[in-house]
Amino acid sequence: ASSTDERTELILATTTSAYESGLLDTLIDQFRALTGIDVKPIAVGSGAALMMAQRGDADATLTHDPTAEARYVAAGHLVEGRRLMHNDFVLVGPAADPAGVASNTDAVEAMRRVATLGPFVSRGDGSGTESRELLLWQEAGVPVDSVKSRVETGQGMSATLYVANDQQAYTLVDRATWLTLRNRVDLVPLLEDGARLRNDYSVHLVNPELHPGTRVVPARRFLEFMVSPAAQQVIAEFGRERLGGQLFIPDALGE
Amino acid sequence: MSDVGLHQVTFQRAGRTVLDVASLRFPSRTMTAVLGPNGAGKTTLLRLVAGLERPASGHITIGGEPLRRDGPPRTALALSDAVFVRGTVRRNLDLGLALRDVPPPEREIRVRDAAEECGITDLLDRPARQLSSGEAQRVNLARALALRPEVILLDEPLAAVDRLTRRALLDDLPRLLRAAGATVILVTHDREEAFRLGERIVVLVGGQVRAEGARRDLLMEPPDADTAGLLGFVLLEDADGPVAVAPGELRAGPGAGGPHVGFTLQVTDVLDLGRQRLVTGTIGGRSVELTLPEKAP
Amino acid sequence: MHWVNDLTTALGEAWHLLLSGDAEVWAIILRTLAISLCATALAMVVGVPLGYGLARGRFPGRTLVLGMVNTAMGMPPVVVGLVVWLFFTRSGPFGGSGLLYTPQAMVLAQFLIATPLVIGFSAASIQSLPPALPDLLTSLGAGPWRRLWLLSREARLGLLAAVMAGFGAVISEVGASMTVGGNLRGSTRVLTTAIVTVTGRGEMATAIAYGLILLALAFTVTLILTFVQQRRDA
Amino acid sequence: MSDVGLHQVTFQRAGRTVLDVASLRFPSRTMTAVLGPNGAGKTTLLRLVAGLERPASGHITIGGEPLRRDGPPRTALALSDAVFVRGTVRRNLDLGLALRDVPPPEREIRVRDAAEECGITDLLDRPARQLSSGEAQRVNLARALALRPEVILLDEPLAAVDRLTRRALLDDLPRLLRAAGATVILVTHDREEAFRLGERIVVLVGGQVRAEGARRDLLMEPPDADTAGLLGFVLLEDADGPVAVAPGELRAGPGAGGPHVGFTLQVTDVLDLGRQRLVTGTIGGRSVELTLPEKAP
Amino acid sequence: MHWVNDLTTALGEAWHLLLSGDAEVWAIILRTLAISLCATALAMVVGVPLGYGLARGRFPGRTLVLGMVNTAMGMPPVVVGLVVWLFFTRSGPFGGSGLLYTPQAMVLAQFLIATPLVIGFSAASIQSLPPALPDLLTSLGAGPWRRLWLLSREARLGLLAAVMAGFGAVISEVGASMTVGGNLRGSTRVLTTAIVTVTGRGEMATAIAYGLILLALAFTVTLILTFVQQRRDA
């Protein structure tokens, strides 16, 4: 059986944010229509996605954690990385904005203010979003556990956003999830910092040298498809009219 | 005073009326034996008096007051098939006393006495659910006796008890029960039990009271065939109507005393009982049995 | 082979987690026990008498109630969690209470999950007693409450099983705890939700370690049950 | 041939040896009554022969062959407290036949016959678990009879049955059982049952065979006091040792026939039974009872 | 107030989903049923005889086995899912089988969850029969197998409850299905995991609608149980 599987299906370890938006479903359908190859997207935090790659439990990854990705590439678990698309993180919080971050334009400064007042809700699930949050604390020179009433949900973006909404807390959310859920929460976008809050999504192939089990052929075809103009177009269009805003900006169109 | 009265009491089971008693009274401090064929409603009667069932109509009184489900229990019931709670025989005897708030020291005494009376002293520490049928029945009886209630309801209490124990109990029970001054209602199929323990006798057939009265009167003049049969009479067709012949009164050849009535006996079987012979046969279609003393032909 | 490491290291990991006296781990364990035991206790207080009533009572619509209880027994924790969430979320009817994402809310959700189980199974265990037993107790002079107590003693094995079923269901349940509790580190994170989190982080060994700890808890409670079973004929 | 044999059979319960039979044989096509006090091991004996229990030591044979748990069942057992499967009386009677692969048409006939013999025809469509104790016992007996096995084991089959039905059954059973040609082992506490149904008699006391033999022999010469007591004898202390007086042989004043022995009777109670009077009292400490005919003083 | 919309629209939504004949919804429903029924059936085939053996057998270490079964009854689906995952993931011992993220794998996981429940509760229901019943059947001439069959008929209510417990547990379970099945749209997404997904997308009404459908399934099965209960004394 497995020999046929080799050609007809592959396992994609993907970050939840890309998955929950529903983008992947659309792309995967087109890919199947095109090639007859079945993609099994396993939605987990970026951390777990990379971990699966390291164990050779997946054929390809879709993650948004450049620093971590770099480590795994260096370790040789991931190869043939391609920047797929990007959007940005939004710092959202209560309309009242007690910490007064709205007046800011610099994410680091804003985080510094949040740290003094809080409350802040963190993913705490080893996702790309979390590692970006941690990076920001670091740049702000704020030890994480000194942040005023910071809680970790250890869950996906949506669950975290619900918690933040309930506690009227600040949180960092990726644009896609935000556009998807903003109508369900009373929080408002307080800060957008294109530079510091850029959120890059990349796809990688699991290194067949280290992990012979990898289904190289279908995986490669999938990666190629993802960066193909057709797919990139889909990414650009995705959710525009339904959610009234662009969720992802394709990065491979130029190539 | 703790006489038991039933007034216009009816009771249904699975849609069928199984008890329908216009009026019935069990006198205080008296032992009444209830006789009746299987399914007559005897157990049902006891369950009603014990308050386990509510009559469909009518009401039941004890000592004139209507039966109450709350308030201290005034009856004790020993059903024919014994049920026990987990644990030893002792716990089973003790439980009822505890539930009736008898002080512990007294409880111990009562349990010991009741056990002695029923000859189960050496079973006290055995698991109650691991007894032979007769042992179980004796424990069941002891449990009721230990409660010393105003009204004690016994359902075939000696059916499974062996002859030796039975004879002992038949000798002691009347004394015990009189001493306790309890009103006793005893359901039984056994003639001897009925005679020894039943000062009064109630005959129940098909859920209705067929006959009721002092033992002597009923035995002198059984009002009908059923009653006579249940009391152990043999019914024979005489020239002038049926005659009820008291058990043992049937003799072969010139019997001693009594009004002589002649019958012809179709012998069907002769059982040799050693010193006696038991002759079974039919007279006018009715099966009878009589014993021949040793040297009879 | 990762899985070998995973499984083998998991045990070591479990010990490590426990012995290291890692404050967080112990906090999670105690929190898990506190919440689930609390929910089970409440479910018992409510469920056993109701189960008794269902088993012995002969009221109209009894079958219907039984049916509803049976259904409720199969109620998905996820759904229970979702409904509770909807009631306590800010925009919900009890939004003001601020109970959402607190242990109390989790106790409530787990209580809702456990109670039908306790009702159903205690009803079953009461019904499985010798049919004549209640009448016996009545005739011995037991009032309704003492009868309930004595019958419970007689059926204690079944009732314990019922409570066990409830406890086992809620302590091993993740859907409701996650939705209602929010899996907040340090306040509402319990073993099951913790397992999900560390799994999400790809820390399989730790996940299994938590799992083993969970089983250990279940087993200790079972030991109590077995101990009682020993005294069956006592 | 389907005689039942026990060879060096012992059996423990809760650590106690409750049965210890060196050698015992129940002849083929013969009715044997087993008498014994409560807890003697009678039911245990039946359960062993029925294959419900494995002897701790020794073995049991039917028709010479050792008892086998597999293979077609050769015994039918009616225990004293009846247990039923869910459903009607009919289903309960039919089940055993179905299990023994009796063809349906025959099953129907057998069920009808057995029901008739036990007088439960009108109960056939009632739920078996909703019967009165006597009704239940009759169904229990009918269920065993319907199986027409080689060996039929009856444990106090008539204990709860009313007098009328009982007399009828006592008349019919011997014929039925002989006709069926079955080997019958009957446990009973009732003298009449033992005499009417027991061609042979086995006396079991404390798990051991105390006496065994043809009815006549045992009744002529009860080997010991227990046996005599169980057979209904009254034991009296004569000048020259104990004398066992057969029931009914005790008469007041100049009795008819029989070796005359004189005793003095402490009368404790006189029950007026109408045509007769039942006198209970003690002779040399032993309680006895005797009936006085009408005109006696 | 979102929740009002949520709760009210949910019902309409549920109908809509069902009637719209939305292929995916129906696929999910049927898949859920297929997987859970299949797992329950297997659990029944394995669990009922084992439960019977536990209830009537008198072998050494019986208590221990009972204890283990009781523990297994409280085994968290999350852990079961994790262990199965570890065994069937590509780097695991059965990695080659390619079973992970397939319905078969979900059946296996749910089977592991349901079986202890079925064993435990069918043992209980067999034990709750009149103690003399097995002896009666033996003396009537029933061999071991027919005895098993007849006792099962006598205890059918309890056994059905046992199977129900198993079914209810697996159909409403999310942890294992998620980990082992991967919640793949079109192949391994079942109602519970679907609920999680749509909740993540903020489509609460849909989530509740799925929940209602889940309850409906549970209820229909319950109806069967209740129906049998009617024929109790038949």
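For reference, chains read A, B, C, D and E in written order, and residue numbers begin at 1 within each chain.
The rule we apply is simple: a residue touches a chain if its C-beta (ideal position, glycine included) is under 8 Å from a C-beta of that chain, and two chains touch if they have at least 3 such contacts.
None of these values were measured; they are calculated from a predicted model.
Colleague: So if I look at the partners of subunit A and the partners of subunit C, which chains show up in both lists?
Modeller: A chain counts here if it touches both subunit A and subunit C, which gives E.
Colleague: Between subunit C and subunit D, what's the gap in Å when you average each chain's C-alpha atoms?
Modeller: 55
Colleague: Distance from the CA centroid of subunit A to that of subunit E, rounded to the nearest Å?
Modeller: 35
Colleague: So the centre of each chain is just the mean of its C-alpha atoms; given that, what is the distance between subunit C and subunit E in Å?
Modeller: 18
Colleague: Which subunit C residues reach two or more other chains?
Modeller: In subunit C, residues 2, 89, 91, 179, 196, 199 touch at least two other chains, as defined above.
Colleague: What residues in subunit A touch two or more of the other chains?
Modeller: Residues 55, 159.
Colleague: Going by the contact rule already set, what residues in subunit B reach two or more other chains?
Modeller: Residues 81, 127.
Colleague: Could you please write down every pair of chains that are in touch?
Modeller: Result for touching pairs of chains: A-C, A-E, B-C, B-D, C-E, D-E.
Colleague: Show which residues of subunit C lie in contact with subunit A when the two form their complex.
Modeller: Its residues touching subunit A are 2, 89-91, 100-101, 178-179, 182-187, 189, 193-194, 196-197, 199-203.
Colleague: Spell out the residues on subunit C that touch subunit B in their complex, using ranges where they run on.
Modeller: Against subunit B, the touching part of subunit C is residues 130, 132-133, 135-143, 146, 150, 153-154, 233-234.
Colleague: Which bits of subunit B are touching subunit D when the two form their complex?
Modeller: 13-14, 36-40, 43, 80-81, 126-127, 130-135, 138, 155-156, 159-167, 171, 174, 189, 191, 195-196, 215-221, 226, 229-230, 232, 246, 248-249, 256-258, 269, 271-276, 278, 280, 287, 291, 293-295
Colleague: Applying the document's contact rule, which stretches of subunit E touch subunit C when the two form their complex?
Modeller: Those in contact with subunit C are residues 1-3, 6-7, 63, 66-67, 70-71, 73-79, 82-83, 86-87, 89, 91-93, 120, 124-125, 127-128, 158, 161, 164-165, 167-169, 171-175, 179, 191-192, 195-196, 199, 204, 207-208, 211, 214-215, 218-219, 221-223, 225-226, 229-230.
Colleague: Tell me, which parts of subunit A touch subunit C in their complex?
Modeller: Residue list for subunit A touching subunit C: 44-45, 47-48, 50-52, 55, 124-126, 151-155, 159, 162-163, 165-167, 186.
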